[in-house]
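Heads up, the next two complexes both have chain A, just with different partners, chain B and then chain C.
Entry: the complex of A and B
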């Protein structure tokens, strides 16, 4: 039993293709505490989706230690019941909003998880109402899922997980198929859950501005952890991000380019507002000199 | 594509809409039995009256109800014509070559017409027009649940129906997208003979199949992640309760059935031979 909520040590995972062993994760070690909001960044094929699937018991690791919420997933003889118990605590939001909703009516879909757990009817009703309120979809309880926008569908999917009262929420590129409005809806929902309900969030993404809002950013490249730190620490290293095949956020790129020209800018801006403020201040200082 | 509606459900606040779906399944079976019980003009008149009462109760536009009859129009005409010429009786009205029309034939043909119309209208008013597909699925699951004793996969069947209801609109949307994509590449779906046309469907079906399998795979994973393990130990959010109105409806329809039987016996006029 490990002390961290998620404990990963020297984790190795591979898949077989045409009889060839293709390694995806080559020795990853990390610990995530309860209540953290972690973004996992990486380009396509960096192994970030595999990591998400390992954390939820969809895939089994080939070597190394993997503990999630007290369950030892690195045990090769783990039984179905323990994986079932794990999934009560670990919710997973997938990329395609259409392929994870089961029922036609919003509240029926949210009820699907608790129904599977065998929760008494009256309590399911309470949980569904609470979950829909938390994601701001109460007005759509009786709506047809096919008539919702992508962001709304993802929020319903999140509500479906909340209704199972998980302590960890994994999002596997949950915003990749959404428009900017839908993306913001989903991110704000997740942030609220993390802040108000204390749900640990692991967000797999390749959007820099989403990662910038997390407490902690882990950069994966070629199955290894390239960097692990606060967004400020990570985004102050544009060379590292480029090496990982990731875009450098525009504000980071701008401040670093200005610094290279000898303009002294303090700090590391994470949002466009911060960036604009720093640049304006520097400009004013120059002018007054 | 936002308003893909499955089935014929018409939302309205009518007494028929409020009835329990399970009761409505039973009621429509009973009503169908009644249409087959009716044998003479009095009984058929009672059937038509009951149908009109249902139409009035349902608050569904007449135009929509007529639409339900359209698909069976051919069967209706066919049955009527067959009955008209085949029925032999005592009062010959018309004879030409080998075709004979008896008065009994006219009676039989019109009775058959009334029977089919009341059957179609009655059952669609009691079920498809006033019950959502989801309610219907739940009702069927609940009514068939005793069959679990015989190891029939009732829950799995209902789950399949639910998922089908959820994905049919999605797949139809996707079919339209693929067809547009193929059209953009110069495929014309409206030219050529039957063989050619079927051939031009292949480039639609293959991507559709591939994407359906991918969807099915992803959905299965998502369902497992939400702790789905089949019907065992599962609870339901809403447990439907039978209300007094459901009992009243059942009693009324049973009385109606008894009435039909009595009218068959004591009513006057021509009695159908079959």
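Entry: the complex of A and C
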């Protein structure tokens, strides 16, 4: 049994299409500790979503070790009760905001999870109010879910998970269908949960600026882990990112292009502000010598 | 020259109900022939409503819309023709695929136009080429394609009608970088081959900076400003005030200027920014 909150070793997963075995994950290993905020990057078909579904027990691994929150998901004999226990701890947010809400009133939707867990009704009330406050949707408790924006719907979906007090939140491109404002709302909500409530977050995305804010970035390519490190370590490798079919953050690309021209720029800027700072300092030095 | 012109257009959802919401208010603007125009603005700013007015899918409560100088609502019987000339690709168009094969799905539009079988076959091949759909996929069920391929098939279905105006509502939303590049590349190929006018909505300012000649900024159902790409993106602070982003490199150049570095305006791409910054060190 492993010490890590999430322990993955030599994990293999495949699906069958027309009788042919198609491998999706080809032996990946990683450990994630409680309280980490991890972004997973990779192009479509790289195995990101399969990994998410494995972590939540929606899919079962074909080989390798997989432990999540103390549950051994690689055990083929795992019983249903243990899967349910796992899902109580692991919340999942999907891409489409219109597919995740079950009730027509916001607070009823948020109460759906704890009701199913058999939580006493007074406590459900408390959990729902707290969850809506945490995602900044208290004012909409009695609103019709159909009248919300995409970002608001995703925040209600997240509140529904919070009401079940999960220790792990998995987001599978949860911001892909949102506009920039909705995206920011959801990301800030997740960051607050991680920072203030200690919820572990695994965020699958292809937006580089979202990954740049994580503690750690894992790059998947063709079912294997291509890189695993801090955002700065990952974004200092533009060739690797391009090879994995990903965008290179523009400030990174600029810094590397300038270095190739012989301009000495220290560090790896992750934002326009940092990049401006570095360029400005180098420029002053250049003309004071 | 104007391809499409809007004059004092207003549009209201749920008029005379308690849910009345005005989506566009007294909008006048024009889209240049053969130009690529980007519409930017928040969700709810009226972008999608405007696109649906352009081919007569919705009718404005007030004002007129002209295509090549002709009022598109003047002769209701000719509306079908207008829709063939102004092709609209809606958000997530892959949900609208329905035929048994990709080929017949792409052929649906041209078939409705009453074209001959030979002409339809030519149009299907041409549209598949623009969007980079391999011919091997054409006889598959659209439901067996990947998400990016489905999106390309749906766009090919509109291109197969060879519209003079191609209108796209967030054609790259939700795709990964490769998928996005292939969709935008397809639109570019169509435009270059046919000289069509293109009107596009996207939330990615980097994509808009690379792709568009002109930009229209909408806010709360009104036109905030219009102009060439350079004119609009030079107003960094004004755009940020209404909560819109500017391309990352435009923002970086503005920060450098504020620090006293003499960098030129109108820089939106990494390669242009590299040249401009490198010049400071020589």
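Descriptive notes on the structure:
By our rule, the second predicted complex is superposed on the first by the 289 of 289 C-alpha atoms of A that agree within 3 Å, B and C clash if a C-alpha of one lies under 4 Å from a C-alpha of the other, contacts with A are read in each partner's own complex, and residues count from 1 in each chain.
In this section, a residue touches a chain if its C-beta (ideal position, glycine included) is under 8 Å from a C-beta of that chain, and two chains touch if they have at least 3 such contacts.
Since the model is a prediction, treat every value here as computed from it, not as a measurement.
In this superposed model built on chain A, chain B and chain C occupy separate space and fit side by side. In the superposed model, A:261 lies in contact with chain C only, and not with chain B. Our angle of interest has its tip at the CA centre of chain A and reaches the CA centres of chain B and chain C; in the overlay it is 70°, to the nearest 10. When both complexes are overlaid on chain A, the residue A:124 reaches chain B alone and has no touch with chain C.
In the superposed pair of complexes, A:108 makes contact with chain B only, with no contact to chain C.
In the superposed model, A:160 lies in contact with chain B only, and not with chain C. In the superposition on chain A, A:185 makes contact with neither chain B nor chain C.
Here's the short version: in the overlay, chain B gets within 5 Å of chain C at its closest Cα pair.
The contact sets of chain A with chain B and with chain C never meet.
Residues 56, 58, 84, 87-88, 91-92, 94, 96, 98-105, 107-108, 111-121, 124-125, 128, 145-147, 160-161, 164 of chain A touch chain B in their complex.
Residues 43-45, 95, 149-150, 173, 176-177, 179-182, 206, 245-247, 250-251, 253-254, 257-258, 261, 263, 272-273, 275-276, 279-280, 282-283, 286 of chain A are the ones touching chain C in the complex. The touching residues of chain C, when paired with chain A in their complex, are 42-44, 146-148, 173-179, 203, 206, 243, 245, 248-249, 251-252, 255-256, 259, 261, 270-271, 273-274, 277-278, 280-281. For chain B in complex with chain A, the touching residues are 2-4, 133-134, 162-163, 165-166, 169-170, 215, 218-219, 221-229, 233-239.
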